[in-house]
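Structure provided below as structure tokens; questions to follow.
Chain IDs A, B, C and D follow the sequence of writing; residue 1 opens each chain.
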Amino acid sequence: VRFASDNRPGVAPEVLDAITDEAARFGDAYDEGELPRRLDAALSELFEHETYAFPVLTGTAANSISLAALCDPWGAVLCSPFAHVLIDECGAPEFFGGGLRLVPLPGPLTTLDLAEIQAIIDGSATYDVHHMALQALTVTNLDELGGAIRPDRMAALGEVAKERGLALHLDGARFANAVAATGASPAELTWRAGVEIMSFGGTKNGALMAEAVVVFDRARAERIARLRKRSGHLFSKMRFVTVQLLAQLRDGRWLDRAAHANAMARRLADGLGVRPPDGNELFVTISSATSATWSAEGVEFYDTPLTGTETRIARLVTTWATTPEDVDEFVRIAHEQTPGGWEKS
Amino acid sequence: VRFASDNRPGVAPEVLDAITDEAARFGDAYDEGELPRRLDAALSELFEHETYAFPVLTGTAANSISLAALCDPWGAVLCSPFAHVLIDECGAPEFFGGGLRLVPLPGPLTTLDLAEIQAIIDGSATYDVHHMALQALTVTNLDELGGAIRPDRMAALGEVAKERGLALHLDGARFANAVAATGASPAELTWRAGVEIMSFGGTKNGALMAEAVVVFDRARAERIARLRKRSGHLFSKMRFVTVQLLAQLRDGRWLDRAAHANAMARRLADGLGVRPPDGNELFVTISSATSATWSAEGVEFYDTPLTGTETRIARLVTTWATTPEDVDEFVRIAHEQTPGGWEKS
Amino acid sequence: VRFASDNRPGVAPEVLDAITDEAARFGDAYDEGELPRRLDAALSELFEHETYAFPVLTGTAANSISLAALCDPWGAVLCSPFAHVLIDECGAPEFFGGGLRLVPLPGPLTTLDLAEIQAIIDGSATYDVHHMALQALTVTNLDELGGAIRPDRMAALGEVAKERGLALHLDGARFANAVAATGASPAELTWRAGVEIMSFGGTKNGALMAEAVVVFDRARAERIARLRKRSGHLFSKMRFVTVQLLAQLRDGRWLDRAAHANAMARRLADGLGVRPPDGNELFVTISSATSATWSAEGVEFYDTPLTGTETRIARLVTTWATTPEDVDEFVRIAHEQTPGGWEKS
Amino acid sequence: VRFASDNRPGVAPEVLDAITDEAARFGDAYDEGELPRRLDAALSELFEHETYAFPVLTGTAANSISLAALCDPWGAVLCSPFAHVLIDECGAPEFFGGGLRLVPLPGPLTTLDLAEIQAIIDGSATYDVHHMALQALTVTNLDELGGAIRPDRMAALGEVAKERGLALHLDGARFANAVAATGASPAELTWRAGVEIMSFGGTKNGALMAEAVVVFDRARAERIARLRKRSGHLFSKMRFVTVQLLAQLRDGRWLDRAAHANAMARRLADGLGVRPPDGNELFVTISSATSATWSAEGVEFYDTPLTGTETRIARLVTTWATTPEDVDEFVRIAHEQTPGGWEKS
């Protein structure tokens, strides 16, 4: 049973159908013609605001183009100490941004005390030429520990950013799961809270490959378009990315897929008797023995040792493709093979 | 009828089948597991040499990563004055390469006098710190005017490069068409001629999205892998790119597809009574009136005015998806609607 | 006798005096306090316009910061095929500019047909995302062949740039010689002609080390200040650069020094019976034998072979430190040792 | 009385004399001729090892070129949380290094537990393509709090770096003060301890402008030379920098100057009754009232508030130009005007 990552399943049927339809057709090259306009229209409706999408081919690109569009090369970006852009992208933001800097805060943006964030900004904000200029704050929703940021928290972060003159970026690789988890509208979690630019994720939610840089102000278009082209993310058959996003957005399928993944994670938590997660990622404290047994039983998952202990933190990710049977099978394995092998809450 | 570009058709059936198969499966993330090894094995057999492939998502990325892997930021790359890397990639090589420079030669690499190339290299090669260091030569095959470079010419260019200490890069966006056109082996057109790194194109030959940086020496792997990740071209579902390339390589389908496209271009030339092209691009000199008529008749193609004249150069591109009926329909239109409207040879 | 370069003499007395005075003093660090304001005031008076100077430590830095301040990383800069920024700075503009591109015109900006420049701009100006964006034109005065550009030509170049939306940059490493040669005002040769940013050279005119990025619009200050700091050109004892520039500007000494250098070059031309140059660089066509004899006689100069001939082009540079005796000694050597060994005009 | 910074005094007489001598002379351009060889020889003797110096114009450049020479763009550099490269250079290392990253350790390298450094390296060292590659460790001596690092500590840091495959860089802006403070040989504090590249500071020690990138292995020369030229730090009258460094090194003047500055700081500490510093920087805890009084009395110094208190940390810097009378005058002011206004130790 597979709980390693939401980039492991294949492609959701509605997306594959859209690709298959398009595959039989001649069409426009690059990001031209009718399809981009249809995507912008669909997103504008979803976000209840004029919205412009720049499809790209990976989340790394979406995040890095976004930050490079917001910052000068001498700009600094505040982020969570666990942010994907900081840890898992081999310095892509620095590369796209001409040597900008990511500055980790002392804790996750989901829970860090707002006054502490303000104090850090104020302390860094000696805006003279010897120091990098704080220019942006990047937030991830779902966050890096699987938590959903709710509209009031987003608005509060947006307020801090705005007061201090920082642009607010949202890494939305799992934005669909966050919307499903919070019941908030996409607008509440983005532009209404002050988000100027976001990475809108499709790949983890069933697309073959579909991410987009999304902005709410046309004035940002030129820089994004240039950054996208120069980094090789203006795909000649871009219509194949656009139709995936359109297929996901049609009739709310993107949200259904994410809601399903979230429900599977809750089912998993129920089965294990642990606190249910907001989204589709469940973190469980297990013993090394449990870890070994689960792996031996064919459970696919990642875990990380807690330094200096025999304890490990397992991450179990559910997806649009996870079935109740998958969950139940795993729960059975856990109870039968590793009773008492994880921490209940 | 459609002759605008080989990035306009959809996806060849064997590629779509491979995607569809993979779509139903969980698999490895990024570029891990069995599939990359199978791709390297398939290419090693094709090239008759140990070969390592780094799939990427666009030709822009393939070319730019290749040049950045070969050069220092203070390196200069000789290229054709019509090279795609020079003209059509918005400076992507400069971006990936930290500010390297492309230096256009006075004519196409396919036909430019070798002694002239040598003289230019010798003239530039004042290797002191005030001048950029000539470090690479990039060649495109099919070239930018649709011509195929034959093994003896490639070998001669490789010889010039080697004597002067330049690395040789091949932009193979239409490499399949070049192999089909020349009847040469992939080896003869690459490493045997001194090519150290190439962009191996799949997208124009029927893939949805599949390009690869291909090298013949494992020592180059680390830089390429880093450049690929940092530029956002390490796709989390990379197996979907790999299976496309594998599907194209299986049973020589990649070559059949290209041979078909080339044959359609020759049929087009025959029908128009002009000199047949090497590959799948036919350039025809037409009048402005002809251009207008063809467009009015629904022919999709690009043309460029010859400065200061009423004459235009039309580019007609055939593809794996072009049918003999498409060609014949176009030929009929040309003869019936624009008799005498193009230059015969 | 020394005619190799104007970076070979030492330091003019007024500059050395200023350094010596300042050396005995404590002062402000970096670019603060009273001195920068005095420099801006002196230049504002000189240029008859509000003027802001950013002293830097080399001409390479002045030019590269200027171009990077004008252009995006995807910007292209038109230049002379002989431009110092293109040939002699190891790609520094590309480095400072995040991968911008220098595009050589087919001839020197001093003499190239304006209509040809316009046509080239119009031909390149397919302002779509696949192509780099033409954003600036850089001109050198004195130019690379020692010629002075007169106000009407500067204005014409500025007009072309403005019509096409390009910013105009002036490399003024020998701006003093150009002002002295033309008798024009600094204003006529710069902002009145449309120059937005210039490199104002002091080092070749007697300074120890003093160059400045000069702008006529305060809105450009932030980018320049950041680029200067990040590239290591915000010197902690910057006041020692500022006092050099102030010493040069005082009582028109900068212009006297340049006028002297120019006069020495004319004296040289007279002595040799060749056409007098505009500024302080005399190019003379000589035989290889002449070249060898001059060197043997201790004349310091550079020459370049004309490819495929026994003829060479000698560059003889006069400076603020060149004496009439130096010139006469050289003329004597030439006439006595190499009669008929150079081309008269 | 002036204790604000060691970049505030003018130029030491031996340095000014050297400049004045050279100012009267024609000489070689850039970094050529006899002088660079003499500098390398002088440094080789000083360091008891083959040594190659690349004079540059600022410490920002020296440090940034050094780190860029050691690292790939995807490299990370461990540093102190107070490192000048991290805090005060506006991201210059990121710029020179094509987007490398500085990673602050949890405490100063002078005192941080070695096992903690090792653990952090081991924890970061998941050397896969998703993470930046730890490639260097940078140490400052004198450190950022004025402390001298002794040979055994340097050797221990070098050992950690070597075991983990990191290159060791030394920021030696106040290296002379560190040598004077420790009584160690330059060799012990550099290559014998594993330092591969260092910034050798002259400007704070009495030079007008003289810093150098210093390496102990000729193989590093090419990259450094290219980075220096491309960043505009290959000064056309470089001989004026070289003669400053030669003047400082002659007869141990560089060390005498630093020893004097250190002695003045000890005298200051004695006068105030606080613990004497290693080098030329004294940090004293004062009240806000004391700070205001000292300023009012004309004492030039910097201080920083301790967040949330009325207490401030004053930094008093002595220099080659500080006299015993300056110190005594300040001590008198302190005792008379602000009795009990600072913390004794």
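Everything below uses one rule, namely that contacts are C-beta pairs under 8 Å (C-beta built on N, C-alpha and C of every residue); 3 or more make two chains touch, one makes a residue touch a chain.
Remember, it's a predicted structure, so these values are computed and weren't measured experimentally.
The interface with the greater number of C-beta contacts, when C-D is set against B-C, is C-D. Between chain B and chain C the centroid-to-centroid distance comes to 42 Å (mean Cα coordinates, whole Å).
One inter-chain figure worth recording: chain C and chain D are separated by 35 Å, centre to centre, where each centre is the mean of the chain's CA atoms.
Across the assembly, chain B contributes residues 73-74, 89-91, 95, 98-99, 129-130, 226, 229-230, 234 that each touch 2 or more other chains.
In terms of inter-chain touching, the protein chains here all touch one another pairwise. Of all residues in chain A, those touching chain D in their complex are 73-74, 76, 87-91, 94-95, 97-102, 119, 123, 129-132, 307. Interface residues of chain C, counted against chain D in their complex, comprise 2, 4-5, 7-11, 16, 19-20, 22-29, 56-62, 64, 89-92, 95-96, 203-204, 208-209, 226, 229-237, 240, 321. If you check the complex, the residues on chain A that touch chain C are 72-74, 98-99, 129-130, 133, 223, 225-226, 228-230, 234.
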